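Two complexes follow with chain A in common, the first pairing it with chain B and the second with chain C.
Our next item is the complex of A and B:
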């Protein structure tokens, strides 16, 4: 319109001016929108102070108020040392590396994933801000990620080769012969800060702090976990001691030590009815291989003083069988030491030194040994009611089975509160235990008759859900008394021998359904015959 | 769409689509509104499908022509000599299915007793806190009218990170690194159904007395929440409560709101 009123020359000038103006505005808008590092750092600082400083500290030194109750400690960003990277050992992480840990968290530690809580822009800003805590980021060239190909497939041969490499490059020195973190060097491991450091339990892949896929494992073999005793094995590849294929085989082997995914937590543990005869009496019996196992996650006892923020036992595998007379419960868990083991004494002392002790209690170092307690309600419970899951309460006592690595019996006890155990008299002990420690694993078997003569022994009725809870202690980790791992209530259900009626009913239903259908066909055919004779038969 | 040219096939297709929608589709709806999802119970699926089936039967029997048309494929399978194979399959498959379903219903199986959880049990009028009687009704957070809110919040943050974080989590979403060990699961304070619905005195009661102090209808002992009166001072509890609201951006319920609602009942 302007062009028409003011003539062609003026029109083009105006259009040009307009275009130039628009371009300038767009450029300005782009500059304003694009997060300049400085702008991102300001936003990142706000996010950091709000959500991260509680553990990592306002100064980024890993000394937030929660830090003393965590092991491993929150990352100290001022030293520029990062475990989970795609870059070579000794190098800084890429922005993507930092973002990935923020997004996904570090399994097995207190670090959660933030991808659902913070926006992408906030997390990007956080990356920029974290880098300002260490002078190395500003003064170093941009870190180059190593080249990671896709994982080759696995095979029997590769797993065998992987096992060879596992021993060849001495993974077993720390991770132990079966990968449960029980190597001969384990008790002496510490990180760059001098904190006691656990060699990962390779049978719990869902707890790996850098992820549990084959690619994740391979990447860590190449990059190492800087700041921890876990080295990079890239130098062995460069020196042609092993090939990168060997490292892939090793990664596949390590992956094969854990279940396919994080085991599901199921509320009801079924004790199968052993039709074939009496229940096994030893933890080594092959019969256990056929029995379903249930994963029970364990966490530190942080309810009653003295609380415990550094539990060693992070879960139990529970199996149960009964034969109508006897109940057998087998509990299996990883424990790198057969406590009391003098080799681990120093470890416990170091753990006690490094952990905060907010409540009065023992800080003496190693406890007397390893211990496992299985709890049931001492008296029949109704509906949802059950005793307090930490060894009962004044009104509802708990009935305990306790196994100790350092002394035999008494197994059966009653408790009305944590630590207030009253062992049953020696002549009333009806539970037998059998235990094996092998390659970083305890297998402890408890057996008892379904009904006993002891009046304090609750009977185990078939076909009902009986509340059951667990507690575990690793003495060499400084655990004893109230300081150990706990679970809340689960249920034990003794499978009923399948009644004859359960087999008959489906057969009857099948026969009836078949008869009815046949009748229908016959009737339809007869009607058809009537309409247009003669016709075919079934 | 030649496949869908008879009423029988149309009805079958509707039934299959309905099943897929009900069993797999419905669980996707709650997340759209920010609510956690769960699988649809089998009994509900069955009920919905029966409703759909009733509707289909009404439709196919609506006029005689369609009804005859609908019945024809069924009739054919029953009588036609060239459908002998289909007939045999039907005669075997249906009884086997019936037997299978019967087995699923009669085989002995034990499930955990249902654990209903009362998230907001009725609070008592007064509690004894560390030896002193405390009236809960009408009680406000004393720290809101005393000293610096920022300083109280700072204390609350420290208390939270040192004590509450393992279960209730860095994001206050009930997903701390110990949360997976506890059943029932720790409360999610970001959820508008939790602290946003409560007065601060209610929260004080729950923090101070924990699982062991739950009334009977709150399923006694069935919570891992510690009784924090054994570990924290009153001021520490009030500051951590301030922090919970501050950090999540929720506002506590006021006594006016609580009173107004009481009046309505």
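Our next item is the complex of A and C:
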């Protein structure tokens, strides 16, 4: 899906880059000869028709053949409305603004970045062509970007003030108290097209449309995201309700809610050996603060019908610990509702009304609740051999741990294909779960003994890497059955406890070395004393 | 991808031109710049020869029950109502008058000029807009007021004009205007999903919003033939032809009923007539 990951294209891209470089030189020499800018529109049209029309439509109205399954829908260029701008609310974007979205894409939507697929010249031509779809560009003066001072540095005081401004101008009404998109107005948000739209999860700054730097955030506070519920706050500064510095403090605060950069995806999740004692039994135990967390990106399940193109959960934070007896896996993710929540009753129905031709058997409304499944191979695997990542198949079954917000257990099950899961008998359930939902976030803890008496429970052997994958459902988003988000396979590696010898040996070695050193010094001193005495007699 | 270097070359040429020649030019006033501010125009209408149009819009049959609004999430607003507040979509008075109908002269005013009136206020009070339907002249300032002191955002989605979406977290005023004629522009508040208002923008002052008794009046019109249109958010538009004579008041009436609800006129396409009141022989063929 992501055009950037196409392996064989790399060579083509290098060739294209080289060709573009050569052409640049030639074009510089010839540019004076070019008759009219109309040529840009012709070429832009070719690029557009090839790469963009599938979603945005040949007429630029956002009604391409693939558009019907996308939420948000592809941009309708005919109305001249752009979310990501450096200009005031209601104004047209600059060429640079449009180019930025083409280059970077819109994270969290179907719009990929094109900077590594199309040449700069092609992207520039696209900018010119996109503007021809709306009459506003021809009839309006050249858009002027708002003039901002450079970002002031951050400080503790500014973050505190930023939090105050967050509450003063009520960002929490949509974005929620902790910024995870769980505000009271969130369930009713719609964009200009009347489609349900989500308030951004401010704890995932790397997903921000239009960039995640402090400057990017400040700019969007000033410009708003036209066509969406996100307003401009420039009028507040003009009316001196808040100052520009306040808005910068807010931008710093929002920035501070996310990690410094996009979390790396690491294939091996290490379950550290808890030397300090038994593993925590609750998701709120402070001990988890000290445990490494791993980011696991999630995508909609679009392999098997009924497919799901509008997943809520875009990633999980996974932490794991073991104490030699018990394994504890803590999974944390943003979910704006504790499903089933009556405030979100209509959300899923509205989502499904927007979807064109959903697969047979698709969800029609809210699911029973939220759900998380951790899966492992049911039988020992060798090397890179793993079951099919969607709950295994007839040949290689998967062993599942499932937590549900609407019912307790059964947690353990075996599956031979998506939806074909068989819970283990009640007296064979060896996994316990503990869950907390708070301020738009689920924290769910799974615990099991490394070895159990259950015949169908694969053992977790210390020192081995066990394949592990995840699936998540947000019931209020209509997710249930095959329609949820999925991850690929990762490995869970149970760290070896450090043997006692590892602590003793260095101490002994150090003591021995020190003793030896003392001995040698002593000897040397004696020898010196011996050597000096006769000399004095001479 | 680059099998045709000539194509790429032309593309580059064009791009250079496009990038290099596009600069300059000041943006001028922002979206809120009122066109009429600097040029105090006088009306070309001679009041001594003018006449009026007045009348009522009525609702026939049983009106739908008022739609209640659940304001529990905003106690500051909920507390302002002794009984449960309702939407302002269909408001029918005791005498059968239909309120919140935007009645305006659609045709017959070509060639006239009008001064820009002073600001009109759109107030947010009790988490509803007052008025629910507002008429403006092009370039006329709209003062958007937050009297509630709770967070509102004003999200305007016009088709002919540029949109805006501004935040008002405290009691304050914000000014905006629309330079282009447009009937109607929807406004919404995303914080309170039930809040909706409609703004009609015309190049002249002959517009009126019906009160709960359904009455309206268009005053000081130059003598002549007009097409008057009545717009309702749920029941669409109707037109009437009317002749205005010096010193006279032409009476017209419009009737709406629930059967018209199935086919509301799309916003920004007000000139397509769908209900009774055929356009017939349009007098004053030019749109104002």
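Brief remarks follow.
As a working rule, the second predicted complex is superposed on the first by the 461 of 538 C-alpha atoms of A that agree within 3 Å, B and C clash if a C-alpha of one lies under 4 Å from a C-alpha of the other, contacts with A are read in each partner's own complex, and residues count from 1 in each chain.
Convention: a residue touches a chain if its C-beta (ideal position, glycine included) is under 8 Å from a C-beta of that chain, and two chains touch if they have at least 3 such contacts.
All values reported here derive from a predicted model rather than from experimental measurement.
By the touch criterion defined above, A:66 reaches chain B but does not reach chain C. In the superposition on chain A, A:55 makes contact with chain B only, not with chain C. Using the contact criterion defined above for the overlaid structures, shared-chain residue A:125 touches chain C, although it does not reach chain B. In the overlay built on the shared chain, the residue A:370 is in contact with neither chain B nor chain C.
Of the two partner chains, chain B is the only one touched by A:513; chain C is not.
Contacts of A:144 after superposition on the shared chain: chain C is touched, whereas chain B is not. Of the two partner chains, chain C is the only one that A:227 touches; chain B does not reach it.
By the touch criterion given at the top, residues 50-51, 54-55, 64-66, 69, 109-112, 114, 117, 265, 267-268, 270, 297-300, 302-305, 309, 356, 358-359, 383-389, 393, 396, 463-465, 486-489, 491, 493, 495-496, 498-499, 501-502, 505-507, 509-514, 517-518, 520-521, 524-525, 528, 535-536, 538 of chain A touch chain B in their complex. Against chain C, in their complex, chain A makes its touches with residues 12, 15-16, 19-20, 23-24, 26-28, 30-31, 33-34, 36-44, 46-47, 79, 81, 88-92, 95, 119, 121-122, 124-125, 127-128, 136, 141-144, 168-170, 173-174, 184-185, 188-190, 192, 224-236, 239, 241. Those residues of chain B whose C-beta lies close enough to touch chain A in the complex are 75, 78-79, 81, 84, 87, 90-91, 94-96, 98-103, 106-108, 110-116, 157-158, 160-162, 165-167, 169-171, 173, 175-178, 180-183, 210-212, 219-222, 224, 226, 230-231, 247. Interface residues of chain C facing chain A in the complex, by the touch rule stated above, are 1-2, 5, 7-28, 30-31, 73, 150-151, 153-157, 159, 162-170, 172-174, 190-193.
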